Amino acid sequence: MRTVSIETGVTKHAEGSCLIKVGDTHVICTASIEERVPPFIKGSGLGWVTAEYGMLPRSTGSRMRREAASGKQGGRTVEIQRLIGRSLRAGVDRVALGERQITVDCDVIQADGGTRCAAITGGWVALKLAVNKLMKAGLVVSDPLVSPVAAVSCGIYAGQPVLDLDYPEDSEAGVDGNFILRGDGQLIEVQMSAEGATFSRAQMGQLMDLAEAGVSELVAAQKAAVA
Amino acid sequence: MRTVSIETGVTKHAEGSCLIKVGDTHVICTASIEERVPPFIKGSGLGWVTAEYGMLPRSTGSRMRREAASGKQGGRTVEIQRLIGRSLRAGVDRVALGERQITVDCDVIQADGGTRCAAITGGWVALKLAVNKLMKAGLVVSDPLVSPVAAVSCGIYAGQPVLDLDYPEDSEAGVDGNFILRGDGQLIEVQMSAEGATFSRAQMGQLMDLAEAGVSELVAAQKAAVA
Amino acid sequence: MRTVSIETGVTKHAEGSCLIKVGDTHVICTASIEERVPPFIKGSGLGWVTAEYGMLPRSTGSRMRREAASGKQGGRTVEIQRLIGRSLRAGVDRVALGERQITVDCDVIQADGGTRCAAITGGWVALKLAVNKLMKAGLVVSDPLVSPVAAVSCGIYAGQPVLDLDYPEDSEAGVDGNFILRGDGQLIEVQMSAEGATFSRAQMGQLMDLAEAGVSELVAAQKAAVA
Amino acid sequence: MRTVSIETGVTKHAEGSCLIKVGDTHVICTASIEERVPPFIKGSGLGWVTAEYGMLPRSTGSRMRREAASGKQGGRTVEIQRLIGRSLRAGVDRVALGERQITVDCDVIQADGGTRCAAITGGWVALKLAVNKLMKAGLVVSDPLVSPVAAVSCGIYAGQPVLDLDYPEDSEAGVDGNFILRGDGQLIEVQMSAEGATFSRAQMGQLMDLAEAGVSELVAAQKAAVA
Amino acid sequence: MRTVSIETGVTKHAEGSCLIKVGDTHVICTASIEERVPPFIKGSGLGWVTAEYGMLPRSTGSRMRREAASGKQGGRTVEIQRLIGRSLRAGVDRVALGERQITVDCDVIQADGGTRCAAITGGWVALKLAVNKLMKAGLVVSDPLVSPVAAVSCGIYAGQPVLDLDYPEDSEAGVDGNFILRGDGQLIEVQMSAEGATFSRAQMGQLMDLAEAGVSELVAAQKAAVA
Amino acid sequence: MRTVSIETGVTKHAEGSCLIKVGDTHVICTASIEERVPPFIKGSGLGWVTAEYGMLPRSTGSRMRREAASGKQGGRTVEIQRLIGRSLRAGVDRVALGERQITVDCDVIQADGGTRCAAITGGWVALKLAVNKLMKAGLVVSDPLVSPVAAVSCGIYAGQPVLDLDYPEDSEAGVDGNFILRGDGQLIEVQMSAEGATFSRAQMGQLMDLAEAGVSELVAAQKAAVA
């Protein structure tokens, strides 16, 4: 597991924000509260949490095309931001949140593998800080964040199960996965996929063990950051 | 598990094609061979398998907007077609295929849950038929399809693990997953995700058991279809 | 004239549906009822019938690019779906239909020339079945479909007037046309166009004669299908 | 038939240009020569003629949205520019033109019905002037324009066949059509369509008679303009 | 300074219109009144003036791609139309105009340098004519156009300050600028920019002197046109 | 003038990078070298410098829509990035740079007025660091950056000329301008524009004086940063 640091309050405008660093992967996460919800839940009394994800063009080894300039978000971006939103929602009591929306933006400043996991882990911190503001203002009474949500990647690299792959490991891993868990150890999402290889149930178990250990560490960092 | 049927040769133009029915979910799968590959593998000697996915506007209970008319493929579509391509590639020996591309199109005629799994299972049949044509023509010597690839969804519905969810079950399930396996039982991709719930490792094991059983049945249907 | 078959009720969700086969041209047509109309006739008491058209990527001899993926409907698609909608509306009493919209989707599964004509002919069958449902439910009192609407292509191929061109004939024909008629013989739309040739009024008359004969046959098939 | 005037040489840059006025319908037509052809005829030795069509936002009674701003050409625009290109090509000997492309742009400055017909008639004049330049420069030896191409609209308005409908007539006509003919009387394209009405073969004949008369007059104006 | 002519009333539909010719640069300007305003000033009682800009594909020496066909307005177009709108608004008393919008469309028929300046100068004439109509109809009581707005380009060409650059001069000028002034000599916008060169404050002063002289001449032409 | 700080080397991948803070306006600038140039200068031996600009969605007081999600860069973005590129190029000897491209990306992390000026000033620092790398590697022999390029905004706020407007000042200023200068005091670009006001030549002179003073300070900070 690479060194993790989470610095909060990195932008003055957002209701919640942090800069999470997992090794050389750096992501700015902000949470923005809006007193409106998407049409499909209007009037339901339920809140909504959604996420968007982006990478600065030169967050990567060679410059990527800016998605705003190419006129659409690529498949990978869409897939990741759907995952972030789904994962964060799994830790939210939407009744307690009340009919409002919080948008979590995760922008990768520097990438070195595991950006989606860092985005989820940091995104929860930004979300928590925004929720704290709502609670302090008396707009929300009981804490809608039932448990922290954190994510880590694991994979099989050079035949061995490895926790928290950096970019060189990730590019070579035949199997890699993302594990999103709550602070209480319950699973929210498991995504394991093989490109040019396969895996057995036994290997899946090994990766799960690693992931549980990694998430414990991340949750500790989250708790320290929002304390 | 719902009744499965696979009818091959349903369109005269495609190199391989089938209509797969898993209960009331009906998907037309075609495989198209092109003697060119994407730029990023040009000259590598390796082949490529990719997939595209679509739904007819009235394959669903209420009419969906046609993606061609709305000007882009939605996030769900993009996510699904990336999954189909990745899954099918996991069963392909790209050296044996040679430097050519096979595009598998999966178009949902009628939807009742599990369309992405049906698309993978049927897509493999179309792919196999196309590959057979290449082998018969002597363009490919050893079979690049190392093992069948099939997929099934499982979930926790009303507190119980359930195999092959139909649409009403799927909409209510707090946890659902897609399991893509090879015919030899090796895992290719596992995606479990919770919306408004979580799951334990024990439950994950139960769903895996169900999935292995379901995929066995699907592989038998695939083998019969291409025989 | 190629063999015509019309199978109804091919999808369980749509209010009306059929699979029309005109030789090797196969089109799935569905009709979807919505209790709302486009803004420009809101409050007028009039109904609306519109159509959309698509081709599966491998409905053709070589794979076409999926329009949803390329981000827009091509000029040919737009032209065809406008024609289908206009033609079907010419057979509708929009006062009797009442302020609701029926969308007819025509998706080509396999193409061998004459897809737009098959779409109109099959589209009318889907529309009729949907209207029957409205009448049975008492939502519509007098039948808004004043007469069947059917279409056939004719052209001048190898110097001879030919009815119902298949793809090889169509590609070589210097002049081809689409003729949309009502069951009572009245004309709705005539489109004759020459690419690399011209035609005389006498030839136009010959093609009209062929078209009238062809449409009679199609109308008989429509009536049998909806009986 | 409304008064027709054709003023040539209205822009200094284009190889051929004119401003055609048919009553209050005013269209600027330019022809641009490029020494390259579309990929699908590269190396064939054949030339290509294509067309684009647009309307200034305030060419109409109430301001239309600018298509460049809305991000795509509407269905009507696409349909019209395909018609213009197809019609002009029907009067071109593509071997004699040689492997080059001429693009005819038709931009409506003021609209009062019949813009597509005016565009074709004026477009041919611009095309002819550009071709004259090629011939004068010795780049083209025998005239590739085998005959003038002109177009007129006719319709059934208030129960009567009417030639060259202006906008108020066109909006009310239950049946209207566009007739594109060569100077020698041969037909290139006939489009008759009914919206909220139908027509008989006898009526079609009456409209054809009118169209033939109208086109004669237009061809005379074209010949005078390019003389 | 090239010869300037302004012909008004060039289209019958627009509330105000003119064709401005500055040398070989010809721009059609129309002003369209709508009794609605953009959302951000709804209910404020203030009016709005906005502008759109376009070039016919063959207004230039070699044919430009039609922006409607390429699916978006280029950066240059966006920049210019924002400038035109901003400049015209600087001469408008938005309270006196009342809560309505006037859209000024500037379409370049023939380009020879200075199109944005011609568009502003001609756009003001179209705007004035539209406002006159509102005043005549009693919809607006006191003239909201506090002063004419006109624009001219100047630059440093071959080392010398030059007024009103034509296209050949503009392409070679190392420094060029656009100066937008009111009839009373007050400045609205100054844009000086260097490509491949720089300029001193002294040179800036020389260009300002030229611009003031040029705008005087343009304002006289505007006043004559709207008299 | 607000406090200015420039931290270099903020991302490990880019050839040059900095985080510039001008008061509460924070912009990450990166410079990416590519050994290829745009088609229009291929083979000319000249280099190219271009720029792109973006804002994180929550860099502002209320969350802005992400441009990648809305499918295009807004007019303001396009205008700004064209300005940045043009300004930086004015300080580059493109022969000395050689046939390669440097792309400067400026991404606003937190906005409080003057983001485009901060982007130019910081962008030059990133560019200089990248160029230094090229020189150190012997790929470029003589320094192509002839002089620093820096920018500052000035405006008339509450009747007084003000240097370096923050967001509250900028929103209220009737006149504001951006001044881009070289380190040697030569002007590169002057943009002054009035919204709801006008300005005199005397006021223009006062703002120029302020700008010259401000840029001196910025150039000192740039020199310190790259030392």
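The first chain written gets the first letter, and so on, giving A, B, C, D, E and F; residue counts start at 1 in each chain.
As a convention for this text, a contact is a pair of C-beta atoms (placed from the backbone, for glycine too) under 8 Å apart; a residue touches a chain by one contact, two chains touch by 3 or more.
Bear in mind that the values here come from a model prediction, so they are computed numbers and not experimental data.
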Separation of chain F from chain B in steps, with touching chains one step apart: 2
Labels of chains that are neighbours to chain D and to chain E: none
Angle of rotation relating chain C to chain F [CA atoms, steps of 5 degrees]: 180
Chain A and chain F, separation of their C-alpha mean positions in angstrom: 33
Chain C-chain D separation of Cα centroids, rounded to whole Å: 28
Cα-centroid distance, chain D relative to chain F, in whole angstrom: 49
Per-residue multi-chain contacts in chain F, two or more chains: 71-72
Footprint of chain C on chain B - complex, ascending: 10-14, 17, 24, 28, 30, 32, 34, 52, 54, 56-63, 66-69, 71-73, 77, 103, 105, 107, 109-111
Chain B contact footprint on chain A (complex, rising order): 72, 75, 78-79, 81-82, 86, 89-90, 94, 177, 182, 186-201, 204, 208
